[in-house]
Amino acid sequence: MTKLIKSIIGHRTALAGLLLLVLVTAIAIAAPLIAPHPDAAESFHIDRRLMPPSSEAILGTDRMGSDIFSRVILGARMTLLITAAVVCSGVIIGVPIGLIAGYFNTGLSIALMGVAEVLLAVPQIILAIAITQSLGPSIGSVILALSITYWPFWARLVYAETRSICNEIFVESAIALGASSWRVIFLHILPNIASSIVVRTTVAVGTTMFASATLGFLGLGPPPPSPEWGRMIAESREYLPEAWWYAAAPGLALFVTVLGFSLFGDGLRDILDPKTRRSG
Amino acid sequence: MTALLEIRDLCLAFRTDKGPAQVLDGVDLTVAPGEIVGLVGESGSGKTSLARAILGALPVPQAEIASGRIRLDGVDMLRGGKAAESLRGRVVTFVPQDPLDSFNPLFRVGTQLADIMRYRAPPAKEGRFGNARHARETAILEMLDAVQLPQSRALLDRYPHQLSGGQRQRVMLAMALLPQPRMIIADEPTAALDVTVQVQILGLLRRIAAERGVAILFTTHDLGAAWEICDRIIVMYAGQIAEILPRTAFFAKSRHPYTRMLLASLPEPGREAIGISGESASPLSPPPGCRFHPRCPMASDICRKARPLPSRSEDGHLVACHHPWAAASSPAHV
Amino acid sequence: MNAYSVVANRLVWFLPTLLGLLAVVFVLARIVPSDPAVLAAGENASAEQVQETRDRLGFDRPLLEQFVEYLREVARGDLGTSVYTQQPIIRDLAERLPATLELTFVGVLAAALIGVPLGVLSALHRNSWLDHMLRLASVLLIGVAPFWIAMQLQMLFSMQLGWLPLSGRIDDVAPEAVTSLITIDALLAGDLQLFLSALRHLVLPALTLALPGGAVVMRFTRTAVLDAVTSPSVAYQTAMGLPRRVIVWKYILRSALTSTVTQLGLVFGISITGAVVIEAVFEWPGLGTYAARSILHSDYNAVMGVTLCAGIVFAISNLLVDLLQMVIDPRGVK
């Protein structure tokens, strides 16, 4: 573990990503304290509509007269919350399904992986839009819709890795020595595929953020006046190009957050997966 | 007779994360025209790096040649620039260790042969109509015949993965011969092959060398294979030359304890193979004095302090050891 | 595997997958909180009219029965009628699919044209400032949300500079539909003006797809070229003295393209996903806008039609990638 931390610190890309992530997370956690006008983030101030950036509102105000800077940093909480929930449930659903289907390899495996393949057979976003629409726009339905559509990515990866590792000598010998199935799965297989899962997860974080912002952008995310980045960008479209600052702030916030994760993920892949190291 | 290949005091290091690794240390050797020389040693003894140094195929950023020179046919291969480049693939060619990996899997065997022929071989004698392409194909087919690949025309249309291991190595041999070289460097050419095919390929190498007067520098960890075909054997240990044996000294007269132990580790009917205990010397921190001393049964104080200087006897037998086994031609000196 | 077994294998998986997909969407559509019969009967329908619609469309029968009935209709080529457009859904799809295909195809083509040369350049000048700049640019582009790129492009090129149209697919009446790809139809009709107009409409949405797509292609190509450069076959060709230009532009490029083609299928998939939201921004009359609108209006027959259509397009693109890979890689599909 300390070795991993050392290599992350020694890896420029991973370190840059990590620093961005720490920054974004810190802002999200401390958002109510940092936001200059937290009370003005979700209420209507007709006299302050669409003001360009100034000393009073450093990123300007939106169509409701709310302080965009406050909304953007409060929005970080929402984005991180949705992403964390979706990624966690993706891992919690997908990894065990992949492990079980891969290890036991019975009719159940075919059924489970069949469901996964079905969900992967169509653009995820269409499925997610359909589910969110059925459930009505809210944070909960975004999380549920994305969890349902994204777990197959982990399931497929873990399934494939488990299948190939089951043929390795050390797993075969553990089985031959009479270790119980669960023991083999948790002590022999899981530790060996953990790095692939970690790498896949860092990639998934960026994808999930885009997907949740896309749902917000299409009007399916948390309802207004929630400070959701995708919806803020969508709202700004009517006021372009005059209110250029309106879309700029949430767009940049989304960009920085996704960038942090993808840099960190790239670095982590270099560190954990020696096969791809030469691409670095 | 002047030497075709002459290596003097070659020292080579690789830069690694843990500091410089000394891969070759003061290597001297010569190869005469038409001679078959075997470079024998364990993996890590530096034999492959030596072969690569001659071919200019060392990993560029890591490799550092501290001193020494390599002259091939009078050209400095380390600092020769264009002149050295034009020798590679013409005067000296290469048979690699793993023929499957050394082919590009996406191109037909014929295409890859044709490119070697086109860019490296001396212009083929043109036919009456001056069709160079046709002449090249004829030359290729003749060469495939020479390496005992029958029905070679059909072979040209196949992809590398469709050939057997033996066929692939024969094609590699043909590619090495097409430029009509004076020397072939063969880096463990039989390592990837079945035992029966190994014997055939070795026989072919020997015959080709004899027929065409090509010198062969042949690296192997298999002393037995070297015994089969070589005129001279150079035993390397940890980047240094331990012993150079002329053909006459092959069996009874090896004098270096390491060669003796290698010989004893060969399986033979009626005798258990004896392994060599201990680990090969680390190139990062080679032991002082004689590099073999930690594993040597004969080691004494002097072995731990001073590097043994090579002593040469009249028949060309060279040994670098403080306590060599007694040989008829020269007395052991302690 | 030969071409037949590749196609057969895909088909074997394709039908059950499609069936499963339809079942999922079918169930989803029926748990929509709003009553589909109310929507289908229209806004001002009386209670009797709603009941009549419900009977006519069979909304009160068991789910499984409805599903089987639906499948039967699909098998006859009848996807039902859209509640929103009041048109047969198959006709809606036929009108919109070409728009999406045109956009995605141009986007992926542009991504390949941008990504492949830059990837090769980046790999050949590994660790130079050019390589670092290109890699930085690719990380940045992959990190930007597609709809945000779309809006920035609109703001710059349409609103401020006025060079390109803000949205839509064509200014005037569309040319006579032959392929339904407007650019090609305009050329077929010999109407250059129309062709240019269609092209101008395509630029921004296609660029929105191509920027992140090109960044992805560039990364893949760079990795593939680096893999090829460090491969044993290139080491062999270098040792044999083949000219560098032949090694790079004949052998390495071909190896790199083989893996890039496989990745292009992936990029196509990403692009179709991106198309949903990009079409919304550019009001591009394609499948994405149709899907979003159908979902928002609970037009579930249309949603199922879109899903079916997207599944088929996905499957066909995967099949094409498999076949293409088989053509360019003689070792066949992995």
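Just so it is clear, A, B and C label the chains in written order, and each chain counts residues from 1 on its own.
Rule of thumb we're sticking to: a residue touches a chain if its C-beta (ideal position, glycine included) is under 8 Å from a C-beta of that chain, and two chains touch if they have at least 3 such contacts.
Which protein is which chain? UniProt says A, C = ABC transporter permease.
Everything quoted here is computed from the prediction, not taken from an experiment.
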item	value
Pair of chains with maximal C-beta contact number	A-C
Label of the chain whose CA centroid is most distant from the centroid of chain C (ABC transporter permease)	B
Distance between chain centroids, defined by C-alpha means - chain A (ABC transporter permease), chain C (ABC transporter permease) (Å)	23
Distance between the centres, which are taken as Cα means, of chain B and chain A (ABC transporter permease), whole angstrom	55
Residue ranges of chain C (ABC transporter permease) in contact with chain A (ABC transporter permease) within the complex	13, 16-18, 20-21, 24-25, 28-29, 31-33, 139-140, 142-148, 151-152, 154-155, 159-160, 222-223, 226-227, 230, 269, 272-273, 276-277, 280-281, 291-292, 295-296, 298, 303, 306-307, 310-311, 314-315
Contact set on chain A (ABC transporter permease) toward chain C (ABC transporter permease) in their complex	114-115, 117-119, 121-127, 129-131, 133-134, 136, 206, 210, 213-214, 217-219, 230, 233-234, 236-237, 240-241, 244, 247, 251, 254-255, 258-259, 262-263, 266, 276, 278-279
In the complex with chain B, residue positions of chain C (ABC transporter permease) that touch it	231-233, 235-243, 246, 250-251, 254-255, 258, 328-331
Residues of chain B defined as touching chain C (ABC transporter permease) within the complex	52, 55-57, 85-90, 93-94, 96, 98, 101-107, 115-116, 119-120, 159, 161, 175
